[in-house]
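Shared chain: subunit A. Partners: subunit B in the first complex, subunit C in the second.
Entry: the complex of A and B
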């Protein structure tokens, strides 16, 4: 009796956790939306929705790269500094009239990709713990950005540039450009992970690296590309930040890596690797954005928002632990 | 067997056996010579004691971090716990005027946070990186929020006596605290059952548990110990600065972990010792003290420090790989 009871309970629990694991995060997001729309009747208007999406666009784009790094069991804490670097490089190139906006953006993204490559070399070639590497490279990247910024008296204004202005306030039909960019990037990332060989390899390496090696995968290069992708998406996030703010100062991107980690962990990723999904990450990023938006609207001080961010990462990890049933 | 024994007597063997330590010492020597060329007083007795006092908090934190790292875990919360507890001490002092209450609250709060983190890590089995990362964010945020990011002066005779030399004109209570933490930690790791369990858990947690050790409790105690030492470090820093400043402890977690890891303790656990931590601390203390005596600006400081840390870690890991492949070749003979 006990045996059947046990297995029955087990399958039920498995089914329940499977459902929660798949849709739990979406349910949480919908519940938050319902609660917010009950609190304010302006919340569910289309304008406000677009507005919120514009606000969370930076974290949402950054979270794409963070998902890739989490998939191979890594962590990138230098992403916030990369945002600063990309925004500073874009701003410096545009304001000093070296090149127009689009090439400047490409150069900035390539710079951040190179930083991601350096992270990847240290993590995968030298086998140093990713947390330490990226904490150290975060210092170095921030240093580079601040040195450039010092030549411009700590502020770069670029609100006169037409391209940047178009990205910030322009619309395609009724939809803001930024929203289109975010959605296109997510579709690309989703297709890359689900439909291509490379995506399968990322899941394979993250799930069981030894088995992946035995299957003949070049695990080191697969993992290094994840760090490069994280650098590239951080570069894109930095450009979006530059467009939205119209200027760069030392505070751009500060602490954003934590928001991205929160989004990815909320999306059910495990630090051991092999478990993450960009669509769930998007929902996680939306939740983070909604809550930050709510706190800002209610005048909660940024320092206290940090407390909420920290608490949220922990809460997300505990929820993951308790709801997602993992076979021992 | 004979081949191994004859090989073991060679200079080459003796050299490669401690290649990682030699690499680190060579890097430390290069740094020292460079800073000495910039500042002839760098190696004076006065500056050396200054070096220890400036880095007293780092040394105390690194003692606890050694246990955490050898047990195969990681703790990113040190800098933030120091900030939060020192802000708490400042508020309690300005509220009640009692320095003893403030210091006790400082250490007690740090220990409580460590107990909370340790509980999540050991009982709920949540990844230590996530737990301590979240603590790193919320504790700093709370510290900044409760003080409004402004420093609180603590004017107390008790704190000034901590930095008053009472022996030979340079030994003061903070040096004694640092030395006591280090020696006690060394003893605890090397000579006690708790230290053995720490190594065993780092080597293989499942096997240790099957051997009858209450691994959950040991991991919990390790995190409590580390956090208690962070509380002490916060206290020493309070005494050094004479006020609770919400901007201290930035990058302390990085410095402490790097000091432990660069000395040759393995982050994967099960391997390491306090002599390695000592070498790593020497490197980090000389690096940060030397850079600050050079007077480089903030942005350049970040770049140089981050770059040197990454390069040193890479050199360290490479020499470690050379060493282990050589050892494997010898024992395969």
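Entry: the complex of A and C
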């Protein structure tokens, strides 16, 4: 008796799951674009498209780190608070003239990376549920940021800084700087996940931790780095927020971790870990942006917009379940 | 006498493996019927069909002469078929009574009637002759043997006409086994048909009325226990299969310097003072009954479990291996029997599955993590071809491969890393016959190339066909080291724990 060959049924199943898995979310995004442009002629213009990208830039960058955390089956609810911390630290350092904009940004990013490290230690070294850990750190981080902010009477204005202004309104050719930043960060994240030792280990550890341990991988450090990366991207998102707004107040970053979760789940990430793709996360973030933009263009009240986004998280979860968990 | 239950012409196929082929089984009321066979012979699959976990591809099930369809475990329970699995399904944080009535709580109006449940539990336990169990105690305080009895009581409380017991004695001492059978005899008297699965032939011969012997998914014998000897059972269990693989030639092995030596490895309640040596170029077989300690021993050596005491020497140097990473760095690789849970990265490609532990070697520069993807792919392709993995291409997710090909892929993982010692726990579990001999041939080649190979298996046929040297374990101790190939019966007797017939 010989080993049965690679069966035709398997090939078809594989091809089907491959196609839907790869392009399903992109098709959804394109369909939404077609529908919206039919409904509103203001929608499908280059200006509006750039506008959408600027609007989603903060969430999009945050979603990169959230993807890493999701890949190892985790969760980071402190990401929104990290945005606030990063924006406050940047603003405080610049307005107090302690250092110029670029070093201030680096310090802010490092602060958030450190917060990610602390999350990682609690989740992976002490083995505490990530939702509980990051719920706690969310409060703590927000508290720290608000203490600093109070010394500045709850508002820090930094709209005079040239570097920040350039990031917000500058263009490279016709393309806004923010868009370039977002795209570059996504390319780096994609290459990190697909083309490096560390990236492949993230998928392995997230997919099957027991097997990863038996393979001799350093699973704890791989997972801890995911939390650090999430902290770092939240820090970057915070800086983009500071640039876009030209100021920081208590509301910056509030609840943004949920927008990032929506983008990641829409992008087809498995909540159990091991399955996610940053490029699909980007499409997920764009879809969220498209819908918010359409609602804004049509003058829908922000409260209703919240209802719609909430509905979208649920819808995304269902789509996710239908496409990911439908296994042989 | 009419059988209570009859399974007729049952076929079941899994990806790449014909698990059952035209299997017939008859169960009679008031009898203990044993299912006998090696690991992978199809016993569990057959019972999972009976309990509604699997659907047969073909075949009929007759209950009291009437054909029935068993679509789920709930349906099986309704038809009076209860099963007690090897892994207990009880909840440690609930009391005995709560466990027994879990999901079918007796209620009085809206509230639970714990009094009634308690009384009923006591009644069931007394009927079964089980003593000294406080039904209010949480389950965690009971030893395994008691839990086993409670699990049986739970199954009995549903008043089944057929009760299946999957290796209930695997973890029990002799005394506890006797007690268990006393309970089973009480059930027999009540006219329940019992199915008993075990690896221990002595028990089967002593306590069971009839037996059905399975080999590679087919029935090879239907016996009445009083009419046959243990030897005859063994013969029908093994058939001619053990002739199917023989080493082409056994190498001359230099036994002056062991690659790895374990000294006095002890783990409370499972290993006692185990010492052994492993040599390059040799296939060493570790065998014993399930739970005799051979697999635990290798998990300890690999750093996946911790021992209470003992030392490990690699190439003469004392090493502390406290996690698998260290073992891999020392040149040791291990493949477990749980391919799905402990081996595969199911959602990843064959390429990833082979290359993940080795990717570090392919970095473009030490400080720069970017990987030379083409080189990785070329190397993996070469190894995949050399072990003959059947797949569409190397980017195919590994979950679409058959069991044998998955096993070859995980093996390739360690080949790419070019380790010195490869440990295989149950290397051919869930692998069909054709792929089996292919894997045996691979192991032989690896040994000839100078690798040290360890095969840990409860399948004595496999151990006999493959090994240069066999180490037999029993109750956590090494019972014997056989340098020359013994006869099948002699080995089986040693494994079963009787004196070797010389």
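FYI, the second predicted complex is superposed on the first by the 306 of 328 C-alpha atoms of A that agree within 3 Å, B and C clash if a C-alpha of one lies under 4 Å from a C-alpha of the other, contacts with A are read in each partner's own complex, and residues count from 1 in each chain.
Basically, contacts are C-beta pairs under 8 Å (C-beta built on N, C-alpha and C of every residue); 3 or more make two chains touch, one makes a residue touch a chain.
Only a predicted model underlies this, so the values are computations on that prediction, with no experimental measurement involved.
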Subunit B versus subunit C as contact partner of A:274, first or second or both or neither: second
Dominant contact partner of subunit A by residue count, subunit C or subunit B: B
Contacts of A:214 with subunit B and subunit C, given as first, second, both or neither: second
Partner chain(s) touched by A:57 [first = subunit B, second = subunit C, both, neither]: neither
Contacts of A:146 with subunit B and subunit C, given as first, second, both or neither: first
First, second, both or neither for A:132, with subunit B first and subunit C second: first
First, second, both or neither for A:67, with subunit B first and subunit C second: neither
Subunit A-touching residues of subunit B, taken from the complex the two chains share: 74, 76, 120, 124-127, 129-131, 133-142, 144-145, 149, 251, 253-254, 257-258, 261, 267, 297-307, 309-310, 313-314, 317-318
For the subunit A and subunit B complex, residues of the former touching the latter: 75, 122, 126-129, 131-133, 135-144, 146-147, 149-150, 255, 258, 261, 265, 270-272, 301, 303-314, 317-318, 321
In the complex with subunit C, residue positions of subunit A that touch it: 1-7, 10-11, 13-14, 191-192, 195-198, 200-201, 203-204, 207-208, 210-218, 274-275, 327-328
Parts of subunit C lying in touch with subunit A, wherever the complex brings them together: 15-16, 302, 304, 323-325, 327-329, 334, 336, 341-348, 352, 355-357, 359-360, 362-363, 369-371, 373, 390-392, 396-397, 399-402, 404-405, 413, 432-435, 438
